[in-house]
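Residue numbering begins at 1 within each chain, and the chains themselves are lettered A, B, C, D, E and F in the order written.
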Amino acid sequence: MTQLMNENGIRCDGRRVDQLRNISIKVGVLKNADGSAYIEFGKNKILAGVFGPRDVHPKHMANQDSGILRCRYHMSPFSVTERKNPAPSRREIEISKVIKEALLPAVILKDFPRTVVDVFIEVLQADGGTRCAALDAASLALADAGIPMRDLVSACAAGKVADQIVLDINNEEDQEGQADMPIAYMPNLGKITLMQLDGILTPAEYQKCVQTGINGCKLVYEIQRKALMDKYFTNEAQ
Amino acid sequence: MANSVILAQLKREQILELLKEGKRLDGRGFEDQRPLSIDVGVIPKANGSARVRLGDTEIVTGVKIQPDKPFPDLGDKGILICTAEILPLADPNTEPGPPSEEVIELARVVDRGIRETEMLDLHQLVLIENKSVIGIFIDSSITDANGNLFDACSYASVAALLSCTVPKYEIKDEAPVLVEGVTSKPPVKTIPVSITMARIGDHIIVDPSSYEEACMDARLTITTNTEGNICALQKGGIDGFTFEQVVRCSEIALSVGTKIRKQLEKLM
Amino acid sequence: MTQLMNENGIRCDGRRVDQLRNISIKVGVLKNADGSAYIEFGKNKILAGVFGPRDVHPKHMANQDSGILRCRYHMSPFSVTERKNPAPSRREIEISKVIKEALLPAVILKDFPRTVVDVFIEVLQADGGTRCAALDAASLALADAGIPMRDLVSACAAGKVADQIVLDINNEEDQEGQADMPIAYMPNLGKITLMQLDGILTPAEYQKCVQTGINGCKLVYEIQRKALMDKYFTNEAQ
Amino acid sequence: MANSVILAQLKREQILELLKEGKRLDGRGFEDQRPLSIDVGVIPKANGSARVRLGDTEIVTGVKIQPDKPFPDLGDKGILICTAEILPLADPNTEPGPPSEEVIELARVVDRGIRETEMLDLHQLVLIENKSVIGIFIDSSITDANGNLFDACSYASVAALLSCTVPKYEIKDEAPVLVEGVTSKPPVKTIPVSITMARIGDHIIVDPSSYEEACMDARLTITTNTEGNICALQKGGIDGFTFEQVVRCSEIALSVGTKIRKQLEKLM
Amino acid sequence: MTQLMNENGIRCDGRRVDQLRNISIKVGVLKNADGSAYIEFGKNKILAGVFGPRDVHPKHMANQDSGILRCRYHMSPFSVTERKNPAPSRREIEISKVIKEALLPAVILKDFPRTVVDVFIEVLQADGGTRCAALDAASLALADAGIPMRDLVSACAAGKVADQIVLDINNEEDQEGQADMPIAYMPNLGKITLMQLDGILTPAEYQKCVQTGINGCKLVYEIQRKALMDKYFTNEAQ
Amino acid sequence: MANSVILAQLKREQILELLKEGKRLDGRGFEDQRPLSIDVGVIPKANGSARVRLGDTEIVTGVKIQPDKPFPDLGDKGILICTAEILPLADPNTEPGPPSEEVIELARVVDRGIRETEMLDLHQLVLIENKSVIGIFIDSSITDANGNLFDACSYASVAALLSCTVPKYEIKDEAPVLVEGVTSKPPVKTIPVSITMARIGDHIIVDPSSYEEACMDARLTITTNTEGNICALQKGGIDGFTFEQVVRCSEIALSVGTKIRKQLEKLM
């Protein structure tokens, strides 16, 4: 059993309770996708690519009144310690659904009836908090593809470790900690679009945990904005 | 298709209009659940079972308990697996086939509600560490799908577990052998209660019916334990919640859950 | 090895050779299905639900000149002693087919071209003779859905146990007996619509077994009729 | 589609008209089978094999015999598994893919014909009770599908079994090991013969061709054993049989089956 | 370990280095298929059947400007020493693809837009070199079906055994030899349409191996022609 | 559809016209590859990994090494398995789902390139003969698909293998146990280099781009080893090659491969 926090409140990877892991994001990394982003969030390494709006196959899935959003979250076989079977697991299918429902509040698909926007996410290396990191990249890939959006979606987990509410749970804290609460948030609209919880929290801890997560999302948002600007400034400079 | 979209739009306007007056389509208050009936022991061939009716939603859940191999790296724990199937007779829109993403989410949320509250002491289900453990399979057959499958399926699963009898296995020649006629109660530590809420406009309502689900903005399922803690969450739907709303939802989940927990405790 | 019959010709569950197990049937038990029935036949507990006539998907399965009938027989994982894998087994697929062919002679689908009537059967608890009990419920669910029918289909197995021809084989008799012959019958038209056999019968035993099965079907028919009347009398009384 | 329905209707009327005169489309009597040829040993790499031609229907069946684990609760018996595939080259309407319900029924009916007649003494195929047994896999590849696959597939499977040689396995270090060069005959107790009959109007005909199958009302397959007993049945088709008809069918199955059984007995 | 060649250059099955195994081919062996052929090539026993040109299902696979070719290579469960699972293996899927691409240069499908020609191959017994023998039969089945062709496709493997380049590798030579190179060839057009290699060859051996394989294909071609003539002479004589 | 066919036809004419002048669409010579960059160690959680960019084609390959059971009849060798997936984000025409025949061919050709050159001494990966061996899984995720996946995937797989560290396993109680902190280099004997060539008209070009692949007549992939031998071949495409062309291709594969091999050797 790892000691998850020392007497000075420093976590097993050296962070303070309210500190994010290192995050670096690059927008527009793929040639074929209409929009894309690559994120390194701690040791997570995740690619997101977006195609669309484009025709829906099979056709009966199309909606006459609006575009639809589809999402596939997938892990490469080498992304985790034990080799993962390449076929999608039940966990991956559920995460695909909650990610889709976390992005839906942000995208505006009314003007693209009978089309689909496909969001494909590939986890190349996983390290705790993949769904949040995946969402951060997917949100930017949608923006990069030019899909109209009400807001970016920023995501970050909070949790409970060594009886403390902490920001951005890493892999060890997820395995051996007391609670993990992934949150996705639209910072300008003030809306939580993904929220899950595994673990036990008192009502007071619950409130603090949500608030901590939202604060983390706001920090992530600034990094996302910068990544987006980096791409478009660079383009304009050319 | 176009027609049903227009109908759904009209229905949403009607429901919203009523909610502004503090009313719901079926006359319930915002924090009222539909009538809940729980019958246990309905499948005598299973080790535990329950039929739950929550309004017009109906579910039969059976628990099977049998020796199994532990998961790798979890050799000190028994196995717990929840599955669900929306039977095609339960819903005109469900086709036979592999589970949809909706059903996979449903089964995983029910599973986490039981697992994360630590309802069962899985360490008590080990026969030989790393080699042989007791497996508990909780399978739910949804026979009438009329809204809020999350809570109905959770109540049926918890009720089937609470009422089950655990057969005894002994190890002979390194293999588990059933000891006839000896059973015990399951190692229950707490009772999880799932409360699902829908947001429609600015209104939070408990236990949405299928009409309400069809036009809701967002959904939040919160599972609490006997000690008054919050143990599992799942947000769904096409829109989000404010911070204030998710705090309010947690308060509702705790208060409404207390009543349900009393109904479940009687089954122990 | 259980003793399947005692010296007085009484079977292991207390029945005489020509006696059915207890049967109770309720029609119209599901809210969403167009027609439904629930049967308890001995320890069998089976639900049948019918949808249709409705559009066929995929469309190439449709018949321009008539409606079609589809049937799915399925067992819940908890319905048998050893937990059953939820995916349909080869046995379930075969039984779905013979049940469909046992119902087809009774339903009149000529007036519903390009549509399908779907019969869904769920075995919640199995105890020998599930296909017959399933047919008894399915036939009533079709009637409850208002599908035009030439006759009800009534089903019951006969068999050979302890060298005697007996009616309505139970689970122990199926496992350890000498022969099991499920039969479905349209009582008013006098037609056998399902017949299978596992076991060894002399030609004379064969004739007696078929006759015994048909007699059982006639007994079942009366119980089915009563269940149907119970529903519609009750409705009229309302 | 419409055209083929009209054609099928015309064909049915023509066939019915002939049957009233006591004739069949291909000139056979009602209780005549099409010519049957059986060649065994056609696949030397299999432990047993047969090519059967029944009229224009053609099937190649191979038997593979190898050690396996017994089924749970059947530890005192060897394993017997029948499969069938209608090869896509056998029939313009068959597509590659997982087996259809027709093919699953076919394989299961052939399997029951062999199993329920107790053709093989499966108890003789046990190496270590509950742990290691001999498995017999009977796989049929249908190469030309022209009616009455049930009987053709049954004859091919029985012929392949009758002509097979069973390799000898010994247990060394708890694992089965092949003993080179030592084989035995399979433990055959009786010879099952499957006879399939079609009802068209009031007429019962044996061994329906694909034209007759396309317009039959109902089908009955009856398997008898050497001792003159009836051991397996399967009714199919869109209509039913009267009591008198199923009794008549059993008499036909016994009388016609005797001829076929003599042809099969020569293979032992 | 078998001795694959003796001091006189005679191989384990008695052949010289440039000698084919016994080949017998019969064209038009199936009643339902539009064209068919059966080949025994050494101990290989393989059936090929062709349907088409016919409508494509599913329709989105159709090509507006030309017919398409599909190919399925499949092995019966009893065709190899250890019973084979009937579901198609990755090996069978790859071989289906290379066989299709070996036949495509020969067939002329321009005049059949929106249709498909299906080639189905069943290996009843396998003995090394199945893909070549399968191609030899498939090519004749296409001709028998009346599909317009630029040339026959003739196939045969060459390889390296006991340090010698030899023609037509058998099963033992495939398992224990040094290289196996299946080749398909259009003899009149002089084009290689399938070529694979497993094993290690020097550049000089490589050239000799290709030449040896082509020579073998030419020998096979004569046997194919004779089989085709046998069928059509016989037909005319009737 | 019609439009894209016309466009492909126009593109083919343009490409052919250029080839006659000795030029390619992107300015390369006939035997020039696109720029190749190889980064190893990009996935620290894998035992070996590489990101390869070949022009605009990009692939990430990870190697996982873990104990496994040997294949039957191959009990004296470790296991080597190559897989590939064209991620749906890599290509607008790829849908999620089971691998297509193109991807299965790709993975099998990469696998044979490594296996048939005998790059790895698999005999060194046995823990207990016939019972326990080391398995090497080489999984490639294609992240941008822009032509010549064969070579790019082969380089990424070989680079990931060359740069991997093999963990040490010991046998305790007949089961393999990881020895922490002890690793070794993989048992590499030679370096395979795959060179893929396309024929368009009478021209042979190396490393076709996706435009060139769309209008090529035929494709040939040749893998050579360090000793200058030819070890694996795969022909593809809708037309064929003359004898002279396949001889010419082998010469190109050897000469162009030498440069690539030097780039790979640096990773050892």
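Operating definition for what follows: a residue touches a chain if its C-beta (ideal position, glycine included) is under 8 Å from a C-beta of that chain, and two chains touch if they have at least 3 such contacts.
Small disclaimer: the values here were computed from a predicted structure and weren't measured.
Touch-path distance (fewest steps) from chain D to chain F is 2.
With centres defined as mean CA coordinates, chain C is found 51 Å away from chain A.
A separation of 32 Å divides the Cα centre of chain B from that of chain C.
Each chain gets one centre point, the mean of its Cα atoms, and the points for chain B and chain D are 48 Å apart. Between chain C and chain F, the centres computed from C-alpha atoms are 57 Å apart. Shared interface positions of chain C, i.e. residues touching 2 or more other chains, are given as 57, 82.
Contact topology of the protein chains: cyclic, one closed ring where each chain has exactly two touching partners. Every residue of chain C that touches chain D in the complex is listed here, in rising order: 64-65, 82, 90-91, 93-94, 96-98, 101-102, 104-105, 181, 186, 189-203, 206-207, 210-211, 214.
Residue ranges on chain A touching chain F, taken from their complex, read 30-33, 36, 43, 45, 47-51, 54, 57, 72, 74, 76-83, 86, 88, 118, 120-122, 124-127. Remark: chain B residues 1-2, 5, 72, 101-102, 104-105, 107-108, 112, 116-118, 220, 225, 228-243, 246-247, 250-251, 254 touch chain A in the complex.
Interface of chain D with chain E (complex): residues 42-46, 49, 56, 58, 60-64, 66, 83, 85, 87-92, 95-96, 137, 139, 141, 143-146.
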